[in-house]
Structures are given as C-alpha cells and as structure tokens.
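Across the two complexes that follow, subunit A remains constant while its partner is subunit B and subsequently subunit C.
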Partner chain A sequence: MSRDATEPGRGLSRRGFLFGGAAAGAGAAVALGVDRALASEPRATLDATGLNGARTVDFHGAHQAGIATPIASHATYVALDLHGDTDRDALRRMMRVLSDDAARLMAGTGALADTEPELATVPAALTVTFGFGPEAVRRGGGDAAAPAWLGPLPAFDIDALEDRWSGGDVLLLVSADDAVTVAHAVRMLLKDSRSFASVRWRQDGFRRAYGSEVSGTTMRNLFGQVDGTTNPEPGTSAFDDVVWTSDPGWLAGGTSLVLRRIRLDLDVWDEVDPVARSFAVGRRISDGAPLTGTREADEPNFEATTAAGNTVISPVAHIARSRPVDPREVIFRRGYNYDVPPTGDAVSESGLLFASFQADVDAQFTPIQRRLAEGDLLNTWTTPIGSAVFAIPPGCQAGGYVGQTLLD
Partner chain B sequence: MSRDATEPGRGLSRRGFLFGGAAAGAGAAVALGVDRALASEPRATLDATGLNGARTVDFHGAHQAGIATPIASHATYVALDLHGDTDRDALRRMMRVLSDDAARLMAGTGALADTEPELATVPAALTVTFGFGPEAVRRGGGDAAAPAWLGPLPAFDIDALEDRWSGGDVLLLVSADDAVTVAHAVRMLLKDSRSFASVRWRQDGFRRAYGSEVSGTTMRNLFGQVDGTTNPEPGTSAFDDVVWTSDPGWLAGGTSLVLRRIRLDLDVWDEVDPVARSFAVGRRISDGAPLTGTREADEPNFEATTAAGNTVISPVAHIARSRPVDPREVIFRRGYNYDVPPTGDAVSESGLLFASFQADVDAQFTPIQRRLAEGDLLNTWTTPIGSAVFAIPPGCQAGGYVGQTLLD
Partner chain C sequence: MTTVRTPARLTALAAIAALSLAACASDSNAETSADAATSGEITITDPWVKTAESGMTAAFGTLVNGTDEAVTLVAAETPASSMNELHETLSDASGGMSMSEKEGGFEIAAGESLVLEPGGNHIMLMDVAEPIEAGDEVEFTLTFADDSTFEFTADAKDYTGAQESYAPEHDMDMEMDMDASPEATADEHAGHDH
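Right after this comes the complex of A and B.
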C-alpha cells in the first residue's frame, strides 16, 4: 500500500518513502534518491490493511531502531537503577529477555509471556531502544569499557538539575504512534526487568500525531518555535558520521544519547511579542526561516548587518550560539514535548525532552551546550531540570541481543 | 474528501460518515441511513488536504461537542475551583471568554489573543466541553438551579477516593487526535480562566491513535478488556433518550457527566489466566463476545446454564451486575486509559478514566454503580480513587456562550 505517496498534501520525504514507498520496489527507491545506507537500517513496513497501527519497524539490524527510524508521536524514556546483586551474568540475562520482548512487541506479536497480548496487536511503528549508564557499563565490562564521555555532563550555570529526572543505569526508550502501544510495551519490559532493576524515573513525551501534518514538517515545541532545523538527515553519510561510533570496541555501530529535561517558562514567554521571540531564536517564529532568509531551509547569514551596523542575527541568538565552531560539533536531535499537571498557582508545567544522539558527547555535544550556557537569549525562559547520558549499544541480529558486544 | 470511505480496511461507520461523508451531501447521508438527529449535532469536517490534523468539529450546536461526536485519542479533564470573588457576573464573563476561545481553537484559528498561534493550526478534531459542579450552579442560579443529582455520589464500600482526583466547580474537557493540540488548547483556556479560578486537578487520558485500528473498534482498556460494548449509538433516538436532559429548565439539551478515576491493579490481574479473566468480566477477553455467544455484538444470555446447573455467565460477573434492572438504567460511556509514572517499587500506575453521560445520574448511573459496588468480580482488581459529577449545559449558537441558559 503506497499510502503516503498517494495522499494529497504530502510531499516527498524520507518518511513517505519508508512507510509508503517500500512496496514500490528498489527501482522506485533509487529513483527517489533516498536509498542510501538503508540496507543496514531497521525499516518500517505498512500492512496491507493500510491502518496506521499495523506499521512495524524491525528490531534487528546493525544499529538499534528508534534513532535513524522515523520519529513517532509518543516516546517514553525510563531509567532503571540496577539492583545491587545484578552482576554481569544477570545483566546479560536481563538484556536477552528485554531484547526478545522488544523484537516481539515491535513485530506486533506480544512478548513471550505477554499478559495482555490483545494490546500488542497494534505496533504502530513501535521502537524500543536500550542504553547503558556508567554503572551498567562498569558491571558489564569493567572501568576500561566506559567511553570517556559516559557520565554526568559538566555542571552549567543555567542548570537546576533534579535527581528525579537525572542519571540512571539502564535506559529504555519506547516510542510509537499510539499511546496505548507505548504503555503496554513499557509495562511488559518493566515486568521483565523487575528482578534485575527498579524504576528510577520515567519521562513521557509527545509530538504531532502520525498523519496530523504534512510528512517531514519540523516539530514546533510548546514555545511555538520550529525546533529541529538543520538536523542531519538519516540515510546520508553525514548522518552516519555524526551519529554512529566508529570505535573498534563494543560500542562500534552504537552511539550516545544526551537527554535533558528543559522546563519552559511559558508564562513569561507569553509576555514576549513575536519580534522579540524571533530575535531570541534568530529565526522567525512564524515559519522558522532565519532572520536573514525567507525559508526554513535557508542557510543563516551571521555576518549580515542592519543599517545601524548590528548583525541581523544577534550574536547571542539561540542559533548563533548553537552553530558549530568546530565542524565536529554536530549532533542529531530528536526532541519531544512534555506537559504534566501543574502545581500551585501555575496553569501549566511543560517543556522539552531534549534528546541528541552523537558519536562522542565531549567532542560534539558539550561545546555547543557550553556556549549556550554562557549566553543564549532563550536561557531567559528555559531551565534544564534533568540530565542523563547513556551509551547506546549497536543493534543485534536475530538470535542475538542488544548489549552482547559488551556482555558476551 | 471522502477519505475514510475510500480507505481500505475501513468499514462503513458513523465516524466514517461524520469525517468522510459530509462533503457527499445530504442525499448520500440519507442513503447511508445514519442521518438521524445529526442536524443539531456538531459535525466534523475534513479539510481538502486530507491530513488528519485538519479535521474540525463545530463548537456551536444544540448540544455541546465532545459527547456525541466521535471520540478522539487524547482527552484532558481539568477541574477548576472558582475564586471566592467569582460571582454570577464574573462567571458569565469567564464562560463568554472560554466559549469564544473554544470556538476559535476548534476551528483551527487560534484563540483571540493566542500567544502561540502556530500551535493552533492543527485542530485534529479538537472538542472542548464545559461542565458545572454544584458551586458554579449555585453561584450562577441559586440553590434551586441545581439538579437533585448534582453533587458527590453516594459513598460506596469499594471507594478509596482521594481529594486530588475528586470534585471541582467547573470542568474543562479537551480532546483531540493530537496531544500537542490538546496541550495548547488546555493552556489557552486556563490562561483565560486564571482571573476567575484555579486548577484543582488535571487528568490525562488516551485511547488508540486515530487510524490505528479499524474505525468503530471498541476500546480495550489496559486490562486488555473490551470496554464499551452495548453503548448507545450516537445519532439514534435511544442515545438521545439516554443522554440529553429534557428538563425544561436551563439544562435542557444538556446532560450530566460522571467521571471516576479507577485504578487497575495490573500486577495482581496479571496473575489471573484468560479463563478466569473472562469469567470475571462475563465476556471473552480475546474478542469481547459474551460467554454465551460468539461475537462481541451478541446479546448475553444470563439464563444459560452449564451441565452442572450454574449459569454460564456468573451472577457476579461484571456484565451481569452492570446490566440494567430498570430499563432507565442505561448510560453512555466514553472511557480513556491513564498511565502515569509509578512510585515506589511499582512498574506501572494506571487505570481507567471512566466517564459516563446520562440525563439523570440518580436514575441511570447510581443504581448500576451500587450493584457493582455490592458485588462485581472485577472489584478484586479495581479501586475507584477519584469521583466527580458535573452538569453539562446545552450547546450554544454563534454569538452565544455555553452556560448562558443559566447565566443570562
């Protein structure tokens, strides 16, 4: 069913290709010019019924799913603390069971001992992605196995981090285009991890529903800001270079995840007019175009000046501070909104689950974050309240499990 | 765009009609045989782009939207406590502003002073429904204006109600097929209510995503139970009789909402095998068919007996206890799942936002609830932890506002 491709109002896009073009065959894929690097990527397929919920993503592959695969509308991040007696052997058993669960759930068939198998029949492009914090890597491979960047980020002046949103030994990232699917998968995985670990925190995020907008539209966060422009494009060599670790060790084919919970002070932001908002971002709020351009995709011109001699894009605008100084400073973002019931007199409590994947946190992420912490107009309205870094192991083949390069 | 009707895998259904058939004209509607009672119902329309997010529901009509209109995948219930100085005039001002906001947001155009208008462009079948608790009705119309059933339900032995999920002066029910749309609409409405009231509680619910399943599929709750069979069908006179108040006073054309937050003890439920689960419900978990039938739609036979002489459907099975004794005991259910981060050693904290609409709580809802409280096998695994009752005023015409029959 080449559904997306035939729907009015949908542009040609990677997402349209993955979900719609597969049935059109490899010839069509080449014609679309987006077949690069997909051989080793988990793919999404559309069931002949044409229902959104029938779409599946393969669990097995060179890389884990949920990173280069199309981003889904709902994501739940869960951090686990390993029990004291969960040693290397136990960690291996846990990852074997959880990998098996994930593969079955992603196929829409229910976990092996699924207690609500009726809820597993709507995979809705479900992906499960696993990560290891410093303690899991230490238990699995000793101190030498941990990459230098695996641990808390340096402290930044802007941070107001809370323990309840930070750290963790093992990460489960579960995402799908259906909230029931996510809830069921998270519960199955946590039931099977209960003998080995306990829940440290859970963070739920959302984006536009599948099919809500034209495919490929960049997300707007709850500030109304177009958020995710200039992201590397999955399927390109630029993306592969940014994201996948080439380290010859156990993490080869893996990556790192930085997750930051960033509170948005919407009450104060709401007092700021569109011109000032656009000035703070360096892009027009209305359409995401840089202040020196006319379309979202336009390259910002940081040298262009006004008649008064100031740069059009302020040197402390968000996009001016976040642009790479060193060409290695590129990351792949995959953010979600969060919105939880407010407390006290507030009418909302919301923000961004900022998530970025990169081969090396220290070389790619931290310099950008440091510049933003030192001076970014958006800091007026944003506060990082949670922070965690995980090593994301490579994918596995059928019969294998995620983490086996560390644990076997 | 008669989209739903032409999609593979979609049967003919009211939802398909509402979203797909509008453009086909009244003649087609009659041909489909589902045109009853729709003249006064808010309708959903599909934009020519064919995107899910472009669908809109009319705010204006004889009845409020969000009751008989197709149920959306996300719903947020917010209860407000009125400030001490919010008198009848202030309440009228509040309802005027909120009604205007709701009409504009549902049309996809943003509230009048929308601070993030970019987020308002994807209505995704947004509906906003308002309700009044006892205190709002008293301030609006004096003690005599309150229906006898408006107030806390009788206490039931099974209850473990918490204040933080119970009561409230004014209800906002915001639902849409896109979580971003819901978050934005809730915030806009709460900003404009801030001078008059504060947030008492907020409860977020979800069901299958739009397009995940074949249209018209009955929801499964997180027990895996098919939940909502034998609901009256919107657009029928049976539905109208059950739901809309015929009272000649200010509530004519309105209804009542009972909202119960029911915790599911999934850990214990998971120890119960499918046979015992089906026995407790009186329906097969696998497909929702009554134990005396083969399909979900089959009428249960409560007299059928086993060879041993017991009834096939236990007299304390959920469907045996909830069936009407008096023919007036029919309600219209519109439930959602909830799933919030667990605390302590638990791996999940979830349940059901049970919601029912009925013309008269005392005559229709309470007798059923009393029987369930006295003996329902499902009580083993369920605990009501929140409860609220609201009067739902009729709809309004363009230029009017919800509540004007009480407040003008």
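Right after this comes the complex of A and C.
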C-alpha cells in the first residue's frame, strides 16, 4: 500500500517522515519551528516504513503539490511554448488532460492511454506542478489577468542570460525520489502537451538521494556551500504568508516561481581557499554556521567586529547582501544542482537551479536580487544564465483541474 | 479510475454524469474487480478515445458487467461518428494480427469485464466528421442484445499506437489496424474505404 507523504506530512519537514516514529514521538513542535534548532544535531534513523518508492503525494488540494511538500531528490523543469492556435479552449483541454495525467501518476497508476503504465507503479513521492507564463495567462484570461510581476525580471548587470534557459508559456515541474519515475512522468506529460505546445527548454536537477542523509538537512550546492538555511518552514504561518497569494482572483491560493539557472564556475572556485570561501558567503563552508556563530541555526551578527574594527561578516558577503531590508523580502527556495557535460577544455559545467516561491516577485524577490547584483562576493564565481518567472495557479479538487480558476 | 455509474438498470437510459478527466483519477483500480460482481450495474472504467482529424479511430475502456446476468454488447453509437462497429483483433492466416467486426457482439458474463484496448477488442469509429481533439469529451451509447442501453463519456487522448496500417495502396486515413501484416487486413475493411 502506498503511504501518503503529505497527510499528515504536509507541513512536516522531510525529517518528519524519514524519522518516522521519532518525529511523531517528539510531537508537533518538531515540525513547526523547533525543527531548525535541531538541524545541527540530527539523529539519523533508518526509514523502516516500507518501500520508499510506494510513497505518494496527493495531487488534489488547496495548493499545488511540489511547493510545500517535502522536496524530492530529482526534479525536471520543462517550459513549453504554446502553439499559435492554442486558444483559451485548447488551453483548458490541455490542462484537463495534464491534470488527469498528474493525478493518476502521483497516485502510482498509469495515465489514461499510458503506453508504459508499468513505470508508473513506483510513484516515489512524485509531484507535478504547473505554472503559466505571461502568454498563457493572456490567452487564458486576457491582459488584465496577469499579475504585475509576471514577466521577465529586470535586467541585472551580473546576468548573461541565454534564451535556451529562459522564458516559456507553460511550466511543468516534475519531481520524485526516483529518476525513472520522473522520466516516465515527463514523457507522459509531454506526449499529452504535443498537440498544444512544444518544448522550449528542459532543465534537470538533483539533490542528495532519499535516505542518504537525514531528511530536512539543508542542501549543499556544488560549491559545497550550505544553501537555504533561512528558508521558511512549510506548515508555519510565516511560510503561508511568504508563499501563497492572498489576493482575490484566479491566483488566490497560488504563488509565483522564479527559476534562475546559475552557473557556478567551479574551476575558478577551486582557486579559493576555505577561509576566503567562508568569507565570501559569510558562513563557514564546513558546517554552514555564520562566521559569528557556532551552529547553522545561529542568527548571524552583522554588527560584530574584529579586533581591527571590521565587521566579522563582510558587508558584501552573500548573507549580508541577501538578508531582507524590508521584512517582506523573504522567499522560499527549492534549489537543485545541475551537472551537465562541459564543452571545450572545462572539466565541468555545473550550477544551481535556483528556484524560489513567493506571493509577489516584485515585493519579495526582486529587491534581494537587485542587492546581490549590486554587490555580492559570490558574484565572482556565479553567473545567472537562465531566468523565467511563472504564475503557479492554486491546486484543484477532485473533479477539477489546475488552471480552472483562470480558464473556466 | 474514471467510472460512470449510472443509477439506472440496463433497461433504463442512464443519465450521464458529466465526466471530468481528473474526476476519479485518484481512485484505486482495485475497486474495479471488487465492485464488479456486486454493483448491479454496467459500468466502464477509464474510457478514452483516440484523437482523430477525420475518418477512423477507436474507443477503449473496461466495460464491467456488474449485474447478475450475462449481457451481449451489440452496438455502439456516438455523435462523433455516423458509423461505428465493434471490432475484435485476431491472429490471421498470414501470421499477423488483424481486426474484424465481431459477429454477434461481445458477450460479457455476470460479474465479468470486457477489456477494450489498443491491439485488442475496441469500438471502431468509422466516419469521424469533425476533429476529435485532445481533451474533448465524447459521448457514447452502447446497446445490448435486449435493446437496453448504457451511456458514457470518453476523454479524447492523443495516442500514436493503435495503428492499423492497411496495405500501402489503401487510403492513408484507413489507419486503424493493429497489424503486423498489412495485406492480411485490407479485405476486412474493403467496404469501409472512403
């Protein structure tokens, strides 16, 4: 039997279900905030609950899956360009078909007319999340339906954006703890998209495999940097405020996604010694603790000074520049690594699929990105090469489909 | 599982639940067999129809006889096609597979199911006039030997299988043959060319 990874897991960190009984025994406090304080001393426990591949996440709900649900090991982002003749009615038909596919696949059954239903029987906490770019929203609901923030981000000096990683009319985000499951789901969804749209780009990302470390451990990017420490915790009211759109209208209960493909220049990063790496980030590379603290969860002290009178954390360190100036400037990140074949003499072509969810891109994301573009020591080794913004519609109930609030 | 449960018996023209694609998708397939013998109704699981611009296509699904008597499916109708047939696919003398109209229809014993699937038994739409597009909902009415009927709605899906290639000299829109041996199947459909 499959177990539902969202009920009661919705709101629990990944540790919640890898720890299984341990989390339950510690009570709800573990899930709701004390969590982060425990991050530096997690107790690893074998997941003895059964086959990990049997875990399912419910497709239906107030919000789409794949945002607040536990993050999986593999993710594939696909952007589609709508065909010229894909009008509102066609968009509706497309979203009905794709929603049905997603619901069935996430439940661990083949999609309707699935040619390889056998591959669907290991859902491995599969989630499918849909997003709309500006053109899809315009075709679905007219110009007035598009939120002000839906469109390309402002140009930043640090950007070296390539079309092949940028933009798109419709987003498919497929993630699971099993790469075979992802491959099958992506192919099924793309087969059913073919009449309506073509693939613009596809970006594959990975994190630690399920069970390789204690769930809920902050990920390390391929710089080795602990990345995502200050993320709001799903299941908290703070998370809800940061992520879900409360404006009335078709996007209520939805959110926005900013996806940035950030190239990490590992060959040059290699030249940087550990002290300088930590200085650039403002946290120790070794354990993620701020340079003014001892544990990852410690609050950085940006005022603390050295004997020489300089701040311990450089004013242009990454964490100094990315911290909110206005309290609204908080985002929820779900990053993945990428590592693809290099060209030329390079031995690697790697980076980060930086993904952040927030209710309002302009108010929450852009000010942070602007500060980082103006000054961040990490910019020496990082280059944004792709950028896309999508509106993420709310979830749907059984019998409905994602996008219904825009298209019906 | 996309199942239309009609409140009526076979003798009544069942009201159609307007089927939504995502409606019952999270239900377990296991339900089919559990319900089959006891529902007292004819139901269909996961009905779908292959999209088509025009001409021929086919509809599929698992028809479940939940009544306590055998029934015989003798005809299928849909507004999407003016002519429809019940087909079976069998191995033929040439060693390939070919399809032909099922003489006398399909008998379904009490509690049993009739699987309509690509490469097997199917409802053949012979004359699609308006395009059947992905995501369309296509209505069907099945008629049984006792003149009772059963209605359901099938979701249209793109599908590149269920290709019935006819002999090369035949019309390209005669595309619904499952066959490994094109020549062998042409005769069965000679009368359907259009």
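In the analysis below, the second predicted complex is superposed on the first by the 360 of 408 C-alpha atoms of A that agree within 3 Å, B and C clash if a C-alpha of one lies under 4 Å from a C-alpha of the other, contacts with A are read in each partner's own complex, and residues count from 1 in each chain.
Throughout what follows, a contact is a pair of C-beta atoms (placed from the backbone, for glycine too) under 8 Å apart; a residue touches a chain by one contact, two chains touch by 3 or more.
These numbers were taken from a predicted model, which means no experiment stands behind them.
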item	value
Subunit B versus subunit C as contact partner of A:A107, first or second or both or neither	second
First (subunit B), second (subunit C), both or neither touched by A:V214	first
Touching partner for A:Y401 - first (subunit B), second (subunit C), both, neither	second
Which of subunit B and subunit C A:G253 touches, first, second, both or neither	neither
If touched residues of subunit A are counted for subunit B and for subunit C, the larger one	B
Touched partner set for A:R92, first subunit B, second subunit C, both or neither	second
Subunit B versus subunit C as contact partner of A:H60, first or second or both or neither	second
Contacts of A:G167 with subunit B and subunit C, given as first, second, both or neither	neither
Touching partner for A:S195 - first (subunit B), second (subunit C), both, neither	second
Touched partner set for A:D177, first subunit B, second subunit C, both or neither	first
On subunit A, the residue positions that both subunit B and subunit C contact, one per complex	115, 191, 194
Interface residues, subunit A side, partner subunit C - complex	58-60, 90, 92-94, 96-97, 99-100, 103-104, 106-107, 109, 112-113, 115, 191-192, 194-196, 396, 398-401
Parts of subunit B lying in touch with subunit A, wherever the complex brings them together	1, 7-9, 48-53, 73-74, 115-119, 122, 124, 177-181, 183-184, 186-187, 190-191, 193-194, 198-199, 201-204, 206-214, 220, 222-224, 266, 269-270, 285-286, 337, 339, 341-342, 345-348, 350
Complex contact set, residues of subunit C against subunit A	2, 20-26, 28-29, 46, 48, 50-51, 60, 133-136, 155, 157-159, 161
